[in-house]
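You will see chain A twice below: alongside chain B first, and alongside chain C after that.
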Partner chain A sequence: MSIIECGNVGYSYDLGVTKVLWDISLNIEKGDIVAVLGHNGSGKSTLIKHFNALLKLQEGRITVADIEINNETNVWELRRRIGVVFQNPDNQFVASAVEDDVAFGPENYQVPRDEIGEKTRQALSRVGMNGYEKRLTHTLSGGQKQRVALAGVLAMDPDILVFDEATSMLDPEGRRELLDYIKELNEESNKTIVMVTHYVEECYIANKVMLMKEGRLLKAGEPRDILGDEELLLSSGLRPPIATQIYLELKKRGIELDCCPLTEEELVESICRLS
Partner chain B sequence: MSIELKNITHIYEPGTPFEAAALNNVSLEIREGEKIGLMGRTGCGKSTLIQIMAGLIKPLNGNVIIDGIDIDEEGYDRTGLRQKLGIVFQYPEVQLFETTAYKDVAFGLKYSDLTPEEKDENIRWAFEITGFDPDKVGSKSPLELSGGEKRRLAIAGVLAVRPKYLILDEPIAGLDPVAREKFLKLLRDLNEEGMTIIMISHNADAIAGFADRTIVMSNGRIEIEGDTKTVFMDRPKADEAGISVSTAGRIAGMLRDRGIDVSEDVMSESELLKELCVHFNNDNRSEDQT
Partner chain C sequence: MMRQMAGRYIPGDSVLHNIIPSAKLFSFILIIAAVIFTNTVVGYGAMVAFTVCVVLYSNTPIEGLIKSIAGMLPFFAVIFVMNSLFYSSDNPIWKFWFITLSKEGMIQGLNVVFRIAIIIIISGVLTQTTSTMGLMSGIETLIKPLKYIRVPVEEVAMILSVALQFIPTLIEESDKIKKAQIARGARFESEKLSERAMAMLPMIVPLFLSSFKRADELSMAMESRGYRGAKGRTPKARESLDRLSVMSIIACAALCALEVII
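So, the complex of A and B:
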């Protein structure tokens, strides 16, 4: 069952002078991890801002969890079902103390008070920020802020989680942890995940990659088919992950590994097998 | 000429329930002309350190000495400091505020002693070096530009005062690979012109390709410091401080752990590729012999 359906979506920020989305049609299935990949300005963020009705649909049709997104009476229900973690956490903080910020979502949906406390604690401990309840958000580091922003979304327990470049401020450990955690959310709680990224290295956790370029959906497919296609990526201002690049370069030199690796571990395994 | 930090200790909101230690007795010298990479886990004190370096936060203890003068000395020329040391914050694009791109870039020169002609020359240079045509972009509203362009424009505004020292906090976060490479080239060009550059980044591949010297912080202290290659070669220490070595360096280490002979000082993809070619060709040769 498709949980997100887009048909022929188009968008322009300036009344049609310059279009930033062109005829985008795609389906995201329940339980998918989809990576929306593309260079800066390819339209990734514009597209996903439609999913929770932050942007008003101009052309085409979008349903999210069977909800028509352009019907304004549906907005509350829509935003309960889909949560977005943005690139810059400062843009989504509403309260000064960590726990108040995380509690903001449930409060607005009139969750009973004692449940809010529990949800807040749970959400913070899931992102490894327990103990920070009373801290002021502005005293946190960039990466810590990003975790708190994620906790705020988790506290709402949405079916679909969208990450808009949400790993960009994290350190490598933090990024790995977040990616593992995203995978866990997907596997254990069957959350549908949409991650917007230009980090090709992150696409390994996805089961589907949608490559965007200049406002169009260039290609959708399995991660290996897209990340192993150097020409396609280069033409979109991107490069394959380093492990994949090494594989491709070895191939050019007549050394063929048994599979196209997406991660460092996969590359090492296949080099060891050949050795 | 240098930036010198002596025994810097800093605590946020001391004496309140929100008290949080940020820096613990940090000493450091950055010499003119260096390209410095500053790394460490989120929350390790990197951003606090550079704000102290720029005189934006007064540390609880310790001294900041820039070009031989303590910046907390009475009568210190703070305006002069602003012209000497430029700082680019995380997401600098949010600090654009003027009505036109030209005015925004010009703002830092408002109180400088330069003549209008000299100011204009600096501004045009800042536009050009960040990849803009001042005649085309100058009259536009900063808000009309794309995300990547806004970031470059914000940096142009910092560069227009022609600082001697340039400090950047995660300047490449959120840039795609092509934009990232272009940006690092810009920093290298500026360094060639004599600018000292201090860059905070989590991206080990970017640091490996850019910095002469790398400083790694952990829990408010300097944990590792040295020339970049040496820092990345010490994998156990790097792991402990939570930084990843460059991707190629990490792959090389994993191969060594599996008994494949790859040199210790592999840092870039091309070095790794060369080693792998040697490895496989040797293998082929030994097979031929048997």
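So, the complex of A and C:
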């Protein structure tokens, strides 16, 4: 069952003079982890801002969690079903204390005061931030900040989680941590994940990659099919992850590995299987 | 800037720390009123005794308070001199053109200096025993009655909360911009005031621009999390007025009444 359906979506910031989205049609199934991959300015953030009606639909149609998006849509209800974590952790906090910030979402949906504490604690322990309730947000590291932002979204218990380049301001360790939690949320709570990114290395957690270029959906498919296609990636201003590059180089020199690796671990394993 | 400010919050468990913020703020307002009404020797005595009690009950380090008063000395001197020289009096000690030195003027000068010093000490104690968040929630409670004259109290509280959250971010950012401008030859250390003022401009403009960008992103994040105005939200938990807080208000009200009567 498709949880997000787009048909022929187009968008322009300046009344049709320059279009940033062209005729985009895609389906995202429930329980998927979808990576929307693209170079800066490929329109990927513009696309996902349509999913929770931050941008007004200009062309085409979108259905998210059985809610048709149009002028009469109750966006407030829609935004309870789809939560977004943004790029800059510092620009999405509304309160100085961690627990007050996580409580912001439930407060907006008029959850009774005596249930909010419990929801906040649960959401924070879901991302491994239990015990940080009283801390001030500006004293946390970048990775911790993004996990608190994720907890703030989880406290509303949405079906779909969207990450709008949520890892791009983090150090490698913070990025890895956040990705691990994203994968865990998908596996254990069956959340549908949409992650917008320009890091090809992050696509290994996805089961579907959508490659965008200049406002068009270039190709959608399995991560190995898309990341293994060097020409396709290069034409959209990206490079395969280092493990895949090595695999392709080996292939050119006549050494065929049994599968196309996306991470260093997979590469090492398949090289070991070689002998 | 923020980091060097005197009267920074020091966590603790003194009597004053435990008064709930709204009651503490209300008491503070009563004390200011009392200070303004003070005009007899007995009144001054009572005020000094009260201030000493407050400082003792708050466990604030005395050196810090003395330092903040000492820092104000030049300001006090100016106030005193202005008052003693320009107070219009019928029996001046010495008169020259428009300058009249008089006993009444000197007393008036001492009066003003005394009041300012008391207010500085009391407000220092207030900010040292109350966290910024506590102060905000106190302000929020105290402005609640303004709802009846159609002030959007919830919105104001939301704005205060967001503004507070952005202070450390903006300080960090201004620091970064300053360093970037220094690296490109800006002179913040110049002796000349005019040059220093000019050097501020290339710092303020980028800071403004980035603040707008941040505000834009924040509003998007808030909308994504279901915000539609401060009205339709779960109401804040009420902090109950405990005995200690009631006592603090009564004590300050009594002091205020005393200063009005005598």
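Everything below uses one rule, namely that the second predicted complex is superposed on the first by the 271 of 275 C-alpha atoms of A that agree within 3 Å, B and C clash if a C-alpha of one lies under 4 Å from a C-alpha of the other, contacts with A are read in each partner's own complex, and residues count from 1 in each chain.
The criterion applied here is as follows: contacts are C-beta pairs under 8 Å (C-beta built on N, C-alpha and C of every residue); 3 or more make two chains touch, one makes a residue touch a chain.
A quick note: this is a predicted structure, and the numbers were derived from the prediction, not measured.
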Q | Partners on chain A (chain B, chain C) - clash or fit | A | clash
Q: State whether A:Leu238 touches chain B only (first), chain C only (second), both chains, or neither.
A: first
Q: Could you tell me if A:Asn27 is touching chain B, chain C, both of them or neither one (first, second, both, neither)?
A: neither
Q) Should A:Arg253 be classified as contacting the first partner (chain B), the second (chain C), both, or neither? A) first
Q) Which partner does A:Glu173 contact after superposing on A: first (chain B), second (chain C), both, neither? A) first
Q) With the two structures laid over each other on chain A, which partner does A:Pro112 touch: chain B (first), chain C (second), both, or neither? A) second
Q: Tell me which of chain B and chain C touches more residues of chain A.
A: B
Q: Report for A:Gln58: first if it touches chain B alone, second if chain C alone, otherwise both or neither.
A: neither
(Q) Looking at A:His138 after the superposition, I want to know if it touches chain B, chain C, both of them or none. Which is it: first, second, both, neither? (A) second
Q. Should A:Gly41 be classified as contacting the first partner (chain B), the second (chain C), both, or neither?
A. first
Q. Can A:Asn88 be said to touch chain B (first), chain C (second), both, or neither?
A. both
Q) Where on chain A do the contacts with chain B and the contacts with chain C coincide? A) 88, 90, 136
Q. Inside the complex, what are the residues of chain A that reach chain C?
A. 52, 54, 76, 79-80, 83-84, 86, 88, 90-97, 100-101, 104-113, 116, 136-138, 152-153, 156
Q. In the complex formed with chain B, which residues of chain A make contact?
A. 38-41, 87-88, 90, 134-136, 139-144, 165, 168-175, 198, 200-201, 237-239, 242-243, 245-246, 249-250, 253, 255, 264-265, 267-268, 271-272, 274-275
Q: Spell out the residues on chain C that touch chain A in their complex, using ranges where they run on.
A: 132-133, 158, 161-162, 164-165, 168-169, 214, 217-218, 220-228, 232-235, 237
**Q.** chain B residues within the chain A interface of the complex
**A.** 12-13, 17-18, 20, 40-44, 47, 90-91, 94, 146-148, 170, 173-179, 202, 204-205, 242-244, 247-248, 250-251, 254-255, 258, 260, 269, 272-273, 276-277, 279-280, 283
